[in-house]
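Shared between the two complexes below is chain A, which has chain B as its partner in the first and chain C in the second.
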Partner chain A sequence: MTSPTRPSLDDPALAIPVDRAGVFEPIPMARTERQQEFYSLRDGEMLINLGPQHPSTHGVLRIVLKISGEQVVDLDPVIGYLHRGVEKLCENADYHQAICYTDPLEYLASLFCEWSPVMAFEKLLDVQVPRRAEYIRVLAGELNRVASHTLYVGFFALDLGGITPVLWSYLERDEIVEILAALTGAKLLFNYFRIGGVNGDLNHEFMSRLGDWMSHASRQVEAGTALLNENEILVRRARGIGTLDRDTAMRMAVTGPNLRASGVPWDIRRAHPYSVYPELEFDVPTRSEGDCLARYLLRVDEIKQSLRIIDQCLHQMPDGPIMAKLPRLVRPRPGRAWAAIEGPRGLYGTYAISDGTDQPFRMRIHDPSFVHLQLLSLLVPGNLIADTMAINASLDPVMGGVDR
Partner chain B sequence: MDAALRARLETRFGELLTGPVRQRHDETEMRIGPGSVPEVLRTLHDEPGLRFTLLADLCGVDTGTDLQVVYHLWSETTNDWLRVVADGLPREAPRVPSATFLWKGAEWLEREAWDMFGIVFEGNRDLRRILMPDDYDSFPLRKDFHLPDDASRSPGGGVRPMERANPPADATADTVRRRSPAG
Partner chain C sequence: MALSPDGGVPGAGVPASGEAVPGSGEAAPAPGEGAAATDARPDDATQAIVVPNTLWTPADPGAYGGTPLDEAPELFMRRVEAEGIGRRDDARWGALDVVPTTADLVLDLIRANSLWPLLSGLACCAIEMMSTATSRNDIDRWGHFPFRASPRQADVLIVAGTLTTKMTGPLVRLWEEMPEPKWCVAMGDCTCSGGRYKRSYATVQGIDRVLPVDVYVPGCPPRPEGLLYAMMKLQQLIKDRRGHWRERSIGPTVPAGV
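Moving on, here comes the complex of A and B:
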């Protein structure tokens, strides 16, 4: 029995104002043309979330899948869970500090994230980098590329259901990061490149570890990929899945191995040479199929080319200084510079604007994973839900770079 | 530097250019008004002597007074990077035609420029926030968006000369001394 003095819950004076902005909308209000198309469901279709905490999404990526039965009809990737505002942070740090902010962007290939801003700042400052420093950069960079591609091979197999290859990949990668740790002092976030050179010279431990590894590296690559290349399950799940043709790849602004797997032989190391790459001999492997298997096999070919480059670097390493003469506080003259390099995932670019102070006025960081993630909504529809993982893994996005 | 490219761009685009074509290192830079973006990009992409088919980057820039959209393009006909700057977008209503009719992959890059600078790309069919949450209502990379905590300028920023490059305006000799390791 309610007493007459007890207030009713329907009393409008007791209503708690609800902040609509804070309420989670499972199906957001359609605002753009694309959202209207995506969030209007036909008979038999439903929406399902993949991620953000899903082991196959390579980080905190959420994909809203529109499915009909077991088939994906459409999908909408939702990103930004790892956004740290690195570009803004770099505008508020001086040029040397900005480099270490870019380091954790792409945590599997940190050296490449340092490389492009360092090159852009050197252009702003008109600094000539000593040749020995350039060789050390290429040497360390190619080692990092091998580490990144090795892990790619393992995770590609893992997402298709094979556990063993990823364990082998980690063994291989561990050896490489130990080598890099001997050189740079860190295993993951190296912070090794400096404006005008590198942080430290080659040392005995690095050379002896590298020599050990080089003696069995190519054999290990062969052993690891022999497990996969002829594997019935992997090949049947990857061949003909997620086919990206040449023109679409160009239209989607794709770069790097994903572009070369579609038959475009565009590698910045050859197309627009930087550092000492013109002095080194290597091939640019391409494949014409453009499917998941081609993207995987292309990375294996690239590992072999990287081993060739490392070998040449060791033989051609010149003597000399490893740093250009620079003041500790740099103030480039006002101007703009763009530097792009070929990383393990594609084009890493930095567009830096200087206003004459010790901090970049604007620093734009272009990351290939961000662009490549758009391909999901192009390649996945029409395939099964399980193929989402295969295609996502074959594109090799790293969410740290996507979200910046 | 490709001097021939500069001449080609100047003769081809003449009246569409809003500033001189500049060259430095391996970069060529041209400035255009926001209205002529589709025409210029279409010509750069299709014309046999230019063939800038690869979009390397698209980003927004806040110059402090107005906004810009910057395109970086690559072509096999030249060994320069081409930078196309769409200049002079007013802060209150920055609008520029979308580049998605040539490069579908520009869609997310334009979404990011909208997210960070509030630049509206007309013709982009999915112009919504991408990195920031949907209910966010400012544009963080604009110059009038200040970070609440600017670590590099705080008195605790560091004691070495390089790290103390910018002492905060309210720092006194006393606060700086107190934080040095010597006591």
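Moving on, here comes the complex of A and C:
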């Protein structure tokens, strides 16, 4: 229902006219200057549509490409195909249930999507998490990071046209998630972290599987990446495309491996330490090139650092409880809390506002994929059509996190 | 095989005697017709084609018009083995070496054993779907491997992941672009009933509100073994339906009160 003071966006009288010459697909009426510019075609330009069902868009992403010949002139990402209303659902669930809703956001790294809301709730409640629980969190989280990066390697090669690496990646990833399944009970959506601790203690099956895997993990990583690092086709294809320089990366609020591949050694585990990361020894690998190859190689380096952290966690694992003493129904005092963690794709953050009831008044979820997807408009124009998928794969957005 | 001018198949209804030899009639037959009648051995026309049935035993013995069993299938099969009655006429069709068949059955066997899924993942379940396709749980062993990127080349739509209202249009369009016969597998709780996002304003509470679903796979997400089992169930379903793949209704199968 339209009110006279506030005109409706659907009013065709308000649409900006668009030159539709040569375009057969119905295109949306332009609502903004940007849309008018995008959908007005110059001589020799045409629009092609990518997605939302496309094998290499990492989920249901739709990209409208404006091309001139083989070259991409401009692009318009259309998101929202996986919008599940998570933030609103969290406001109608109590604090424990909210973890279950945030869990499938970035389904390749579910533990990290649980971690930041759990940390925000713990700040609201002012709970001290037992040290053993923190170590278990770091241990499980780094395992999940390795699984996520391993899949990244496979998908990156898959989007460049190689089938074999994704088969290797999935072998490795399936092994890791089976280890995590022994600990958490689930393979993909773990729902393992709780406010004040974790859901279950380390068990024998987890430890024996993890020991088996750790004995050959680094060799496996070497073998899997040697397949790609010494592959001239991949290296020459990925080098020099989608170069993201240091200043642009910082201006666009890029975080995580994409930022470190551009030469900024910023890792939240070091910059704003949380959990038990100050007690652990690891490097923050960086690269200066900032292109697709650098982003790929940086993740391989991160896998090795994660293996170091897992090894230290196993050696330094303290005894003690895994859950803080908390009532079943938690009612934090009114207030607000922000918690950010370093995930496999960058900064996962949760901003939670409590109004004193057992449900969060508002939950804002910050996801790195959404930020990184905006880089497409900067990096892709000027490249070939086939490089669109390479750049998209190297930025590694997950649509569950973009659309929330 | 050439048809004779009166519409019958040469040699089909003719007894194996010397009555039909050329020259007995006044009018000379056409050259091709005469050659067919002389060269065809009489046995070819009257005997049934015997195909050893090693492929498949129907789950329902009465599915192909066979005699319904009056005893438990296990007991019956034990009796078949003991008495050697496999060639008796009243045996179940699966125990016979003669398969009375139509094109639909053969086509369904072919369809069931080379199901090409559409490469379309929506959300989390897509990761497990890909895990099913890769080396550890090699779905290729059941003939499902070539995940086609184009709906025009696909037989099965595995809806893997939460279906949101915005994605519904493209998904229904994908389904309609797939050529018949086609099947739909709902993978995951979100597609079966809405799952953990059932109360969301943005999701479709079960894809059976917009698509006809053949197999539901619950789980959040289902393990790859679950999807494998579902695809094997789908194979059995295709064989049992025997060409009746058009008789499907669209509508919510979950009651509204759930």
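Simple rule for what comes next: the second predicted complex is superposed on the first by the 379 of 404 C-alpha atoms of A that agree within 3 Å, B and C clash if a C-alpha of one lies under 4 Å from a C-alpha of the other, contacts with A are read in each partner's own complex, and residues count from 1 in each chain.
Assume a contact is a pair of C-beta atoms (placed from the backbone, for glycine too) under 8 Å apart; a residue touches a chain by one contact, two chains touch by 3 or more.
This one's a predicted model, so the numbers in the text were calculated from it and none came from an experiment.
Between chain B and chain C, the partner in contact with more residues of chain A is B. Judged by the touch definition given at the top, the superposed model places A:R31 against chain B, while chain C stays out of reach. Of the two partner chains placed by the overlay, chain B and chain C both lie in contact with A:G85. In the superposition on chain A, contact is made by A:Y170 with chain C only, not with chain B. Looking at the shared chain after the overlay, A:W266 reaches chain B, while chain C stays out of its contact range. In the superposed model, A:Y95 makes contact with neither chain B nor chain C. Of the two partner chains, chain C is the only one touched by A:L188; chain B is not. Counting contacts as defined above, chain A residues 80, 83, 85, 88, 92, 403 meet chain B in one complex and chain C in the other. Contact residues of chain A toward chain C in the complex are 52-55, 59-60, 80-86, 88-89, 92, 100-101, 104, 107-108, 151, 166-167, 170-171, 173-174, 187-189, 399-400, 403. Across the complex, chain C meets chain A through its residues 119-124, 126-128, 130-131, 134-136, 147, 149, 151, 161-162, 164, 166-167, 170-171, 174, 196-197, 199-203, 220-221, 223.
Those residues of chain A lying in contact with chain B across their complex are 21-22, 28, 31-35, 79-80, 83, 85, 87-88, 92-94, 96-97, 123, 250-255, 266, 271-272, 328-329, 335-338, 340, 347, 349, 351, 353, 358-359, 362, 364, 366, 370-371, 373-374, 403-404. Across the complex, chain B meets chain A through its residues 24-27, 29, 53-57, 59, 61-62, 70, 72, 74, 76, 79, 81, 83, 102-109, 112, 116, 125-135, 140-141, 145, 147, 150-153, 161-162, 165-166.
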